[in-house]
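Two complexes are shown next, each including subunit A; its partner changes from subunit B in the first to subunit C in the second.
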Partner chain A sequence: MRTLYVQGDSLLHRLSPRLKLLLLAGASVALFVVSSLPLLGIMAVCSAGLYAMLGLSLRDSWQRLRPILLTIVIVALFTLLVDTPVQAATVLLRLTSLMLLAAAITATTGIGAFIDEITWLALPLERLGLMKASDIGLSVGLVIRFVPEVLLRYISIRDAHYARGLKPRPLTLAVPMIILTLRSADEIAAAIDARGLRGQK
Partner chain B sequence: MVTRDLVLAALFAAIIIVLGLLPSIMLGFIPVPITAQSLGVMLAGVVLGAKRGMIAVLLVLLIAAIGMPVLSGGRGGLAVFAAPTTGYLIGWVAAAFVTGFLCERLVNREQAGLVQGVSFFIAALIGGVVVLYAFGITYLALVTGMGLSKAFLGSLAFIPGDVLKAVVAALAGRAVMAGYPLLPQRA
Partner chain C sequence: MDIRFEEAEARFEKRLILHPLTLSLSERRIGVIGLNGSGKTTFVRMINGLVTPSSGRVSVNGFDTIKDADRVRAETGFIFQNPQNQIILPILKEDIALGLKSRKLSRELTDAAVEAVLSRFGIAHLADRRAHELSGGELQLAALASVLVSKPGILIMDEPTNQLDLRNRNLVQFTIDGLEESVIVISHDLDLVADFDRLLLFHQGRLAADGNASDVISRYREIAA
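Take a look at the complex of A and B:
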C-alpha cells in the first residue's frame, strides 16, 4: 500500500500539522457559511492554486482526485435535476474546494505526523480513563502490518476453491478468511504483552 | 481494554480493508455496482459485537484519513471526508455499533440455527441499512440542500444491494459463531 504523502519542501510541507488541520477546519466552516456564488468561485480558485503549489503532475492529481470528484459531479448533476442550477453550482464549488484543500493537506503531511497529532488529541480521553492514547499508534501499525497477510489468505482460499473446481462465493470466501485471521489474535496479543508494548500494569 | 480485544479489532480492520480491495460486482437486477467493503462493516458488528466492531471501523476510517488509500476504489486521504457521500462513512461507525449491540442481545449459542440466522439478519438490517442510510441521507440532504425526500430518492438504488449484504452477513455470522465464537463479548 502506498501512502498519498508526497515528499517535498513547499510552504504546506513546512507548516505544522496542527495548524494545517485547524486551517482546514476553519476553511470548511467558511465554505459552508458562504453562499454567494462569486465568493465561492474565488475560494475554489484559491484552493486550486494551493493544490497546484504542490507541483503534482496533472495525471497524478487526476488519479488521486478522480473517485471523489466523480461523486461530487454526480451529486451536482442530480441536484441540477431536482433543484435549481444555482444550488447545483454551489454544491459543486463548495465540495470541490474542500476536496482540494483536504487533498493538499494529505499530500503534505506524513502518516507519523498525523498519528502524533491524533495521539495528542486523545490525551484528554486518556486522563478521563477512557482509553490509552498510545494504543492508537499501535493499532494503526497492526492494521497496516496485517493487510498484506489477510490479502494473501484471501488469495489462497480463492485458489483452494479453483483447485477443487468450486466457484468462489462471498460466503465460502469470507467465513474461512475471518476465522483464520481472528484465530491468530491470541498469539499476537500474547506477543504484544510479552514485549510490554502497552506498558506494564 | 485488554490487548486481545485491541488485536481483534485491528485484525478485523485489516479484513475490511482487504474486502475494499476486491473489485466491485454488477448484479443484473440492481443498477449500481456493489462493493464488499460495507459488507465488512456489517460483519464487524456481527462477529465482534458493538465495542470491538465499532473500533475496527474507526481504525479503517482513521487510516483512510491519514492518507492510505484503503477505502473501496482506492479512495483515501482527508478528501474522502469532503465528498457528498461522507455521511455513509460516518454512518459506518454507528452501523457497526448498532449491528453489534443488537447481535449481543439477540443471539446466543444455545439458540437453534434458524433463530440465530434470523436474529443476525435483523441486526445487520437495522444497523447496516436503516441506521447507515439515516446518516448517509441526512448528510447528503444537508450538504446539497436538496431535502430529505430527494436525497432518499437518490440513494434508493443502493438499498437492494445492502439488503443482500445483510443476508450474507447473517449467514457468515452464523458460520463464524459455529467455528470461532466471539459473541457474547467476554471482556
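Take a look at the complex of A and C:
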C-alpha cells in the first residue's frame, strides 16, 4: 500500500486543508482566466517553486508526476495540431501549473483531512436529503488513497509479463488489471461495510 | 455472545454454498476449520451480515443480520484474510480514527481512544507509520486495533496467521489468547485453535462436525486424508 502523502513540516503541511483547497480552487480559476503567455509562465514557475518545497528528489517527483505530465504533453501536442503554437503553449503551461499545485496539496494533506473537508463541503447536499456527506468524503478519500495502488498493480502485472518473457501489450495488461482492481474493490467494500464506515452521519 | 442460525442457508446465484444450518454459539473462543471451499468464510460472513441468508435467519445477540444490519456490525468486528484491504487509510492512526467518526467524538477524545487501542496491542510506536511499511504481524495487530477501537463484543478473524512467519504467527496467537472479546477464528493452522472452547468443521457446504477441539480435529484429519 502506497500513499501520495509526504510527511513533513513545511508551510504547506501546516496550512489548514480547507484553506489549501480554497486556494487551489482560486488558482484554477485564475489560470483559466489569464491568457498572457508570460504571466502563465510566471505562474508555472511559482507552482514549481511551491512543489519544490516538498523536498522530493527529482526521481521521486518524476515518478509521481510522469503519468499526468505525459497526458498533458499529449493534450498540448494535439492542440498544436489543431490550433496555434501559442494556444498549445497556453494549454501546456496552464495544465502543468494546475498539476503542480494539486500535487503539492495532495502531498501535504493527509487523506483523513481530505475526507473531513470534502464531507464538510458536501453537508449542504445532505441537508437537501440528496446523499450522505460522509459517503462523498469517503469516496473521494478512497480515490486518492487507491491511485498509487492501481499504479503498483500495473507495475506488478508488467513485471509478470517480463518474468515470463512476454512483451506487455495494452490488452494483456488491461484485462488482469481490471479484474484485480475489481476484486480488490470488492474486498475493500466488504471491509468498509464490516467496519460500519458507510452511511455515517 | 449469542449467535443463532435458524435453518439459514446461503446461495450464490443458484448455487447452494451453505446448506440449511441450525445452531447457536455462545462459547468465548470458537474455531472454524475445513478444506478450501468448504463454506467456512460464507458461514462467518453470515454472522456479521456481509452475506445474508437466502432463506432462514441469522441473529447476533438478538439482532437480525438483515433487519438490524448496522447494529449487528457494531456488535461484531471482522478481520479479513488480507489485512492490507482492511486498512482503508494509509496512515495507521488516521485509519483507526476513521472507525470512530460515527461517534462524533472531539479530536482529543478520538486521539485518546486511538492511542489507547494502539497501546493495548503494543503498537503505539506505529501510529504515524504507513500501513505498507508494516510487517505481516504488525499489520494483523493494526487490523485488530482498527476493528476493536469501536468496541465490538465479538471478533471474527478469517485466517489470521495466513502467510505469517513463525514469530509473527506466535505474536498473533498470543494476542488472540489475551483478547477479552469473544472470538470466532477461521484457520488452517490447527495449533492455533487446538485449545479453543469449541470447533466447527465444514465440509462441502455442510457442518460436518461440531464439538471439542480434539474430536473435531480428528474428524478433519479423516476428511482431509
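Operating definition for what follows: the second predicted complex is superposed on the first by the 133 of 201 C-alpha atoms of A that agree within 3 Å, B and C clash if a C-alpha of one lies under 4 Å from a C-alpha of the other, contacts with A are read in each partner's own complex, and residues count from 1 in each chain.
As a convention for this text, a contact is a pair of C-beta atoms (placed from the backbone, for glycine too) under 8 Å apart; a residue touches a chain by one contact, two chains touch by 3 or more.
Only a predicted model underlies this, so the values are computations on that prediction, with no experimental measurement involved.
Chemist: First (subunit B), second (subunit C), both or neither: which does A:S134 touch?
Modeler: A:S134 sits against subunit C, while subunit B stays out of touch.
Chemist: Based on the superposed arrangement, let me know which partner A:A160 touches: subunit B (first), subunit C (second), both, or neither?
Modeler: neither
Chemist: After the superposition on A, what does A:V34 contact: first (subunit B), second (subunit C), both or neither?
Modeler: A:V34 sits against neither subunit B nor subunit C.
Chemist: Check the residue A:Y5 against both partner chains and state whether it touches subunit B (first), subunit C (second), both, or neither.
Modeler: A:Y5 sits against subunit B and subunit C alike.
Chemist: Once the shared chain is lined up, is A:V82 touching subunit B (first), subunit C (second), both, or neither of them?
Modeler: first
Chemist: More residues of subunit A are touched by which chain, subunit B or subunit C?
Modeler: Subunit A has more residues touched by B than by the other partner.
Chemist: May I ask you to decide whether A:I111 touches subunit B, subunit C, both, or neither, giving the answer as first, second, both or neither?
Modeler: both
Chemist: Is A:C46 contacted by the first partner subunit B, the second partner subunit C, both or neither?
Modeler: A:C46: touches no partner chain.
Chemist: In the overlay, answer first, second, both or neither for which of subunit B and subunit C A:A194 touches.
Modeler: second
Chemist: So which bits of subunit A does subunit B touch that subunit C touches too?
Modeler: Touching subunit B and subunit C on subunit A: residues 1-3, 5, 110-111, 115, 142, 184, 188, 192-193.
Chemist: Per the contact definition, I'd like the list of subunit A residues that touch subunit C in the complex.
Modeler: 1-3, 5, 7, 110-112, 115, 134, 141-142, 145, 184, 187-188, 190-197, 199-201
Chemist: Spell out the residues on subunit C that touch subunit A in their complex, using ranges where they run on.
Modeler: 45, 48, 50, 70, 73-74, 77-78, 80, 82, 84-91, 94, 97-99, 101-102, 128, 130-132, 146-147, 150
Chemist: Which residues of subunit A touch subunit B once you look at their complex with the stated criterion?
Modeler: 1-5, 24, 28, 64-65, 67-68, 71-72, 75, 78-79, 82-83, 87, 90-91, 94-95, 98-103, 105-107, 109-111, 114-115, 118, 131, 135-136, 138-140, 142-144, 146-147, 149-151, 154, 170-171, 174-175, 177-179, 181-186, 188-189, 192-193, 198
Chemist: Any idea which subunit B residues touch subunit A in the complex?
Modeler: 1-4, 6-15, 17-19, 21-22, 36, 39, 43, 47, 55, 59-60, 62-63, 65-70, 73-85, 140, 143-146, 150, 153-154, 168, 171-172, 175-176, 179-180, 182
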